[in-house]
Amino acid sequence: MLICKVVKPLVSTNRIADFQHKHLQVVLDGSTQKVAVDAVGAIPGDWVICVGSSAAREAAGSKSYPSDLTIVGIIDHWDPDAAKEMAAGKPANPGAPSGSGGAK
Amino acid sequence: MLICKVVKPLVSTNRIADFQHKHLQVVLDGSTQKVAVDAVGAIPGDWVICVGSSAAREAAGSKSYPSDLTIVGIIDHWDPDAAKEMAAGKPANPGAPSGSGGAK
Amino acid sequence: MLICKVVKPLVSTNRIADFQHKHLQVVLDGSTQKVAVDAVGAIPGDWVICVGSSAAREAAGSKSYPSDLTIVGIIDHWDPDAAKEMAAGKPANPGAPSGSGGAK
Amino acid sequence: MLICKVVKPLVSTNRIADFQHKHLQVVLDGSTQKVAVDAVGAIPGDWVICVGSSAAREAAGSKSYPSDLTIVGIIDHWDPDAAKEMAAGKPANPGAPSGSGGAK
Amino acid sequence: MLICKVVKPLVSTNRIADFQHKHLQVVLDGSTQKVAVDAVGAIPGDWVICVGSSAAREAAGSKSYPSDLTIVGIIDHWDPDAAKEMAAGKPANPGAPSGSGGAK
């Protein structure tokens, strides 16, 4: 699943009927903006877990819902800077509360 | 789902029978051109939502339609420059009408 | 779907039985070479539409055929240079016959 | 399947019911952090095999579980530096015990 | 399907039961190392065809096998340097025996 940041709701009046009235959110995946179906009620600024592939359909409510990216959870605490440092090879500090790792 | 810009229709006379007579559009995903089945009647220049993965088949009309990218909605307003600024880390302005965020 | 250029047939004598005797083609997706099952009879140099994901299986002839990339159509006219210019942000010219857009 | 390094558990209190109580782990795929459902009981620092696509669902326990990335195995020995050298084109040494290839 | 080079077998003692005793191989996809289920009996140094997506499951032996990358064929002849030249836009030479295209 991807770790994305919610940017804003997306309005698309002319869309296929299968999309029903579910909310669509613009989310930021790294530096790319994508559209996700919101299954948890996220708000702009939230860090969220987005599921893709065929699992996105069931996560959106039914096997036949045409989503390939669905917001399935809001992350309690996420520090993108600590995440970047970790990705750059600095020692992880899994025992510390998330959000403070690497920031002093 | 991807946020793409419709470029132009694509003509492919020699194609598999399963594609039927549905319209194919060349769409721009970032700087890459892809082909999408058009389920909403988009025109060149439109910003659209494209769904991929197995959901693209149902979105194109049936479970057995061989699409891996289907246009499922036309975005009412999209400002690609504001989107780029947001992706670059500038503060989002979700309360403003979309299309004006970041441009003053 | 991807827009690819057919490079040459691929010979793989030792392969799983499920592949049967269908033709495999090396195709160029941007600068990456991939292998696609040929469902339309393309020849080297053709610009083709390749479908991926689970749709590649049905496009190759049956739901259980193990393909993740299938050539589903030959593009009538494709001008890769005009495509690059369009991707770089130059104004599209959708009214012109394809193949001449952007080239004057 | 991807070769990832486990970073830390991820806490998401507000998540869809289908996720049940399975553990989620932040994993590092190259320099990108992703979220995977843990099916083997991995701990931070472990090098693991992550399966994606529709196989991630069955690997997580059931066909309807909404995962697109599941940890399916812990790698006994993995030397990321030897892996990088190999990827850079240096001669592989498959006969040597893994973990010592290229390091002298 | 991807064109990969087999690097070495991968040992993962602690893995999910669904993986059974099938061989796992580390393969090189461009400069990224991935793990593939081996359905043909490849050895290190072989250039192979790897199938991904949901087709990887059936290619590995059954619809419920949790693979997202399966080795489905060994390529008879593959010249990675000729492949790179072709990808860089040099004229292909499809009539020549594979392995000699572009090398004089």
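As written, the chains take the letters A, B, C, D and E, and residue 1 is the first residue of each chain.
Rule of thumb we're sticking to: a contact is a pair of C-beta atoms (placed from the backbone, for glycine too) under 8 Å apart; a residue touches a chain by one contact, two chains touch by 3 or more.
Just so you know, these numbers come straight off a predicted model, no measurement behind them.
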item	value
Neighbouring chains common to chain C and chain E, by label	none
Chain A and chain C: spacing of chain centres that average the CA atoms, whole Å	32
Euclidean distance of C-alpha centroids - chain B vs chain C, Å	19
Multi-partner residues of chain B (each touching 2 or more other chains)	52-54, 56
Ring walk, chain B to chain C and onward	B, C, E, D, A
Sites on chain A touched by chain B in the complex	7-16, 18-19, 24, 26, 28, 31-36, 44-45, 52-54, 56-57, 64-69
Residue numbers on chain A that touch chain D, as the complex places them	1-3, 30, 39-41, 49, 51-56, 58-59, 63, 70, 72-77, 83, 86-88, 92, 94, 98
